[in-house]
Structure formats: C-alpha cells, structure tokens
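Here's the structure, in structure tokens; my notes come after.
To keep things simple, chains are lettered A, B, C and D as they appear, and every chain counts its residues starting from 1.
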C-alpha cells in the first residue's frame, strides 16, 4: 500500500450513489480518471490542454475488480502507479482504499496510449521520459 | 399539452436514480438538454459542430419546478417550445410528462444566448429566423 | 461574500466538462447538492440515513443563474445560507465562487421540503429548530 | 454479430461527451448497465425491485476494450449474451456497435453475482433457471 507515485483523497458524494445505496459501478472510473489527470498535471502533462491541441490520451482497455462498495459518507483515497506495456502503451495501476481502515475497495488497471489528430501515436515527452 | 414544437421520448435508466430511489434532481437537466439539442438539430443547428467552431450556446438562467419524481422503469416524454426574451436571448420552455398517464413531472425554463469565441453575441441564423 | 452558514471547497474534474470545454450545466446541481448534504450533516441531518427511513428531503424548485463557466483545472468554493419560505418549506441559497479571484460563477436557490413515506410533510427536528 | 440474447438501441447525448469531444470512458458502463437491466427486466428480473428487497446484483469484475470512440450524434446498439462463470457467478458479455456501419466500438465483460442483505449468495430463480 506504500509505493504509489501519487495519491489523491476523495469523499463520496450522495449523487454518486444509486438505487442500491452504494456508489454506482461507473463512478469508480470517474475517481480513477480524476486521479490520473491530477497525477499527469503534477508531472507537467495537462490533459485538457493536450485535448485542445488534438493530442489525446486514450484508454484502450480498462479492468476493474470491485472488492467492497463505497457508501454515502465514506472518505477514501486512490493510489496510482504506472507500468510500461509496449513502446507506445502504458498502464495506470490504481487502487482505491477506504478511510480510516484502509479496506481495499477496488483494483483498477487502465491501459492507455496517446495519439495526435491524425491518429498517429504521439507520447507527450513527459511520459516518454517516464519510460526511459 | 399539445402545442409543442418538439417532443422526445425517454426511459429512466437505473444509474440515473439515487439513494432515494428516484431520478436525481440534476439528471432532469440532462433530459432537458438532450431534448434541446435534438430539437436544434431538427432545425439545422448542430450544438457540437457550433462548439467546434467556438460558437457556443450558453444557458444564462435555469428554472425547474419539480412536481413529481420519476422512478426506475418509468417512461416519459419531454415537450419543448421557445420564447423570445430579448434581442439576443431566448427561452426554451420544457415540460416532462410520464407515460402513460401524462402526469406532469417537471416544468423547466432555460434562458439561453449564443456567443462567438470573443464573447460577442452571435445567434445562429436558424435561430434568428425563428425570431423574425 | 462573508455571511455563509457553510462553505465547501471543490476542484473541477475533467469528466465534468463537456464538448464546449466547460463544466456541463447539470453538474453545478451536483456541486450544490453535495454542499447541501455536507452542511446538513454538519448540523446532524444525514440525508442518506433519512432516505433509508423513508423520510425524504425533496427539492420543489431550483433557480440557477449562470454567470461565468468553470473550466478544467479551476478550483472553487460553494457558500450556503438558508431562508424560511413557509411553515414546511425552506430555501438553500448558494453561490459558487472561483479561486483565487472569487469571481462569481453561479447563484442558486433551491426550495425544499421534507416528507415521510406517506407523503406527509415531516421536517427533521434539526431543521425545525433552525426556523424557531 | 448475430447471436445476442438481447439488443438495445441508443443515441449519444451531448452531455455524455467530454473535453475530447467523445463519449467519456465511464459512460460506456452506463450504456452497458442499462442494457443489462433492460435485459433482466425482459426475463422477469427487476433490478430496482430486488434492491428494495435487499437482494443486490453486484459486479465483481469489469473488463472493457475500447475499440473506437462514439461522438456527438452517433446512434449505436448494445448486444448482450451471458456465460456461466461458477455456481454463483455469471458474466454479461456485451458489445457496442455504431449505426449504420456496425463498427465495433467496445467489448465489455461484466462478472456478476447476487447476494442477500446478509451478504449470502442468492441468485434470483430466473437466473438460476438460465444456468440449468
């Protein structure tokens, strides 16, 4: 639970919960995405600015293991690490833990790449640096 | 209930319902927005294409009267009319009715305008035509 | 800008932004709702717990004035005050301000009531106390 | 593309698109969930009614392969089949195809189970029938 490149704190918002009284399955992807974008910004990669220049970071595959649900009032944190998958693909490996007991809520793995407006792979230099 | 410029059918999706087992308050704005955009497209105004050209339709004020909640499984329809508010502002007047009993669910009024990338008012010609 | 009962800090998440590159209109209601629920919890009223007991806080009318849009990367805060509307209705008056310049982003007014599972008005005692 | 148990038609709504001008990654889970619930309802399993009785269908693992993005204005359909995974686990296998060219947009696999309020596995009889 200790070797994350980046951690971000969250709190469940009631509108994120569904009929079952728990956070809806799709919302965990929102938490993971926001954590990825905050991490990227922390290393100088601005998702929105890149999109405005038609360089897009794109998820190719997502794997989510739901361990326990989050509920109204829960505070939690997301930890992030990265793995190189191929020359132009990388994976964000993310876990969600509940406060204060650090119960594991979810394991996520998002395989991503980046491409320019012509659909050509084009990794931001801050990320290529990561893979040297 | 009869003099709408445009009508659109919907069905509640379970992820739109919240802890209370009813459609979350914010989701009605999604229904209203989608109906507005489909109406605009039907008269030749493409919201996404305009946004790509930096001409943006912008909501200035929204008023929503919640009459009855929608629940899982409900089918419903949105009716839309338009009103001129000023030289550069117009209002979408929208009601939501449940199927099959036509129970009034919500009254909505969205005052909108359009502006170009310099922030200058710039009404798409299809809409100026509307106000002649 | 000073006399709020409650304030809450937020940061725009990229998934909340739409085609126009700004926070989608409906998302502001999410911000306002989360602030209301956090405020209520701070005075001992738990929205989710009440819902589980079939006592529901219900929005009757929402008015939103959109002054300026929020964008990717913006930090902002929501201020909340309350007004008595009638014996069983109250209003949450909320404003959203951008950090660090305190630009006014949105004025919101949500008229609400509470009712039990039989549809009878039933104000939580913490809120009736508020109106003495 | 032909042997689905169930198919459902959709149209992209603009609020589902993000800064990149494409449907946000998390929204595909909404499409898949709505299709699953409509399918279940078609065989007599009501997700919301079960939740109200504290019998919950729960996703244990989700795998999503993003092949091509959906954009504003796109119409598409979701096809669904089911697989038995274990005595108490089953998988919804789903694909999303764009209209009218049937371009494959996404492959999804959702492994699910059902449990009662005590956390005991409890498959609705309509689903056990499926696995005979």
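To be clear about the criterion, contacts are C-beta pairs under 8 Å (C-beta built on N, C-alpha and C of every residue); 3 or more make two chains touch, one makes a residue touch a chain.
Since we're looking at a predicted model, the values are computed, not measured.
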item: Pair of chains joined by more contacts [C-beta pairs], B-D or C-D; value: B-D
item: Identity of the chain that, by mean CA position, is farthest from subunit B; value: A
item: Subunit B-subunit D separation of Cα centroids, rounded to whole Å; value: 28
item: Averaged-CA centre spacing for the pair subunit C and subunit B, given as whole angstrom; value: 22
item: For subunit C paired with subunit D, centre-to-centre distance based on mean C-alpha positions, whole Å; value: 32
item: Contacts with two or more other chains, residues of subunit B listed in rising order; value: 14-15, 17, 19, 21, 24, 26, 30, 33, 47-48, 52, 72
item: Of subunit B, residues touching subunit A in the complex; value: 14-15, 17-19, 21, 24, 26, 72
item: Complex contact set, residues of subunit C against subunit A; value: 13-15, 17, 21, 30, 33-34, 37, 41, 46-48, 52, 71-73
item: Of subunit C, residues touching subunit B in the complex; value: 19-21, 24-27, 29-30, 33, 47-48, 51-52, 56, 58-66, 69
